[in-house]
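Consider the two complexes below, in which chain A is the common component and chain B and chain C are the respective partners.
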Partner chain A sequence: MKFAIAVFCAAHAPSSRRALLFARAALAGGHEIVRLFFYQDGVYSASNSVVVPQDEQDIARQWREFVSAHQLDSVVCIAAALRRGVLNEEEAMRYQRSAVNLDAPWELSGLGQLHDAAQAADRLICFGGP
Partner chain B sequence: MSTLHVVSHSPFTDSRLDSCLRICGVNDAILLCGDGAYGLHNAALQTKGVKVFVLAEDMQARNLPLPDWADSVDYPGFVQLSLDYDKVNSWL
Partner chain C sequence: MSKSLLVISRQAPWSGPGAREALDIVLAGGAFDLPIGLLFLDDGVFQLAPHQDAKAVQQKDLGANLQALGLFGIDEVFACHHSLAERGLTTPASAQPLDSAAISQLIDRYDQVITL
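Our next item is the complex of A and B:
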């Protein structure tokens, strides 16, 4: 079966970890993930400038490794990312900002990608809140 | 059309679980996860006749006993549940 997974929470929220474990279990079960979509505070799950205390899990890094290892289509909402200061090189240049904290494997794109993923998938699963 | 309702907010901090129960159909189910697992304390869950599941690790992390009217699932079980029902509605 095909899954689309939307993440609405930052990497430090337990629900981001739940989304990651769900995604791992889906692939392990032989299912396909058509797209991961990071919306609202979910864009922080894709930031590469997150620094985690040594005794805590680095969920942002685990997301990055998971997405890279499985070469998943992972979209970060561009409007949500810009307003939260999560920028790739292109956007940092466009708006003359000094920091770039989003790179591969993530892609900045619009909300239409969530709609498209929901149409293509058998199930859309959203993770957010605590 | 059946729906799996995913509730991760504690029932002691807001009324999401109550709202969810109000709109649950007879073919629907509720999956409690995170602090939502405290919903196991809510006996009203069993009287609605709705199936109740809880994410095992969240129940164990909070040392909650599993009532006989609920079932616990792991992540592969969560994935399977999401396929057993037509839609998944997360109470964000």
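Our next item is the complex of A and C:
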């Protein structure tokens, strides 16, 4: 089955970890992930400036490694990310900000990518939200 | 044929960017001519309250975005009747009120659902 996965919560939220476990299980079960889309506070799940205590799970890092290892199409909503200070080099330069906390394997793009993924997938699975 | 998407908006307009971001999904879908529905549920129905003064809480008014729904071809706009009544709101002109049985049917009718 083809899955589109949307994440609406930060890496420290339990549902971000659940989304990661779901994504791993989907691939392990022979399914396809057409795209991961990070929206609202989900953009924090893609931030590479998250630091966690040594005895806690670093979910942001695990996301990054998982996406890189499987070369998944992973989009962070640009409007949601800018609002929350999650910037790649290009956007940091554009808005003259000193911090860059988003790089490969993430791509910044618009909400059209969420709709496109939902259309291409058999199932849209959402994690997080109110 | 395109898959249909129901966005369930559950956040009050003053509670953060949630309401605006839910609406942005709807408008983006409309821009792509996708079959999109919007249901206001729980505190989301506050987005439909009349005479709002967003400036008083130093926010931007969501009203203009809501009015844009028609322009983006979004005609399927609903509000939970129970949520409206619970908050003392009258039925708005811009959204069709639904009881819980009708909401269940509505969710069944759409291929995909996003709740924000």
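Here are a few things to note about the model shown:
In this text, the second predicted complex is superposed on the first by the 128 of 130 C-alpha atoms of A that agree within 3 Å, B and C clash if a C-alpha of one lies under 4 Å from a C-alpha of the other, contacts with A are read in each partner's own complex, and residues count from 1 in each chain.
Definition applied: contacts are C-beta pairs under 8 Å (C-beta built on N, C-alpha and C of every residue); 3 or more make two chains touch, one makes a residue touch a chain.
Because the structure is predicted, anything quoted here is derived from the model rather than measured.
Judged by the touch definition given at the top, the superposed model places A:L21 against chain B, while chain C stays out of reach. Of the two partner chains placed around the shared chain by superposition, chain C is the only one that A:A80 touches, whereas chain B remains out of contact.
In the superposition on chain A, contact of A:V100 is made with neither chain B nor chain C. When the two complexes are overlaid on their common chain A, residue A:C126 makes contact with chain B and with chain C alike.
After overlaying the two complexes on the shared chain, residue contacts for A:G29 are found with chain B alone; chain C is out of touch.
Shared-chain residue A:Y39: touches chain C; no touch with chain B. Of the two partner chains, chain B is the only one touched by A:M1; chain C is not.
Within chain A, the residues touched by chain B in the first complex and by chain C in the second are 8, 123-124, 126, 129-130. Note for the complex: chain B touches chain A at residues 8-10, 33-35, 55, 74-76, 78-80, 82-83, 87-88, 90-92.
Within the complex formed with chain B, the residues of chain A that make contact are 1, 3, 8, 14-15, 18, 21-22, 24-26, 28-29, 31, 122-130. Listing the residues of chain C that touch chain A in their complex gives 2-3, 5, 10-11, 17-18, 21, 24-25, 28-29, 31-32, 34, 112, 114-116.
Residues 6, 8, 39-40, 79-80, 83, 110-112, 114-115, 118-119, 123-124, 126, 129-130 of chain A are the ones touching chain C in the complex.
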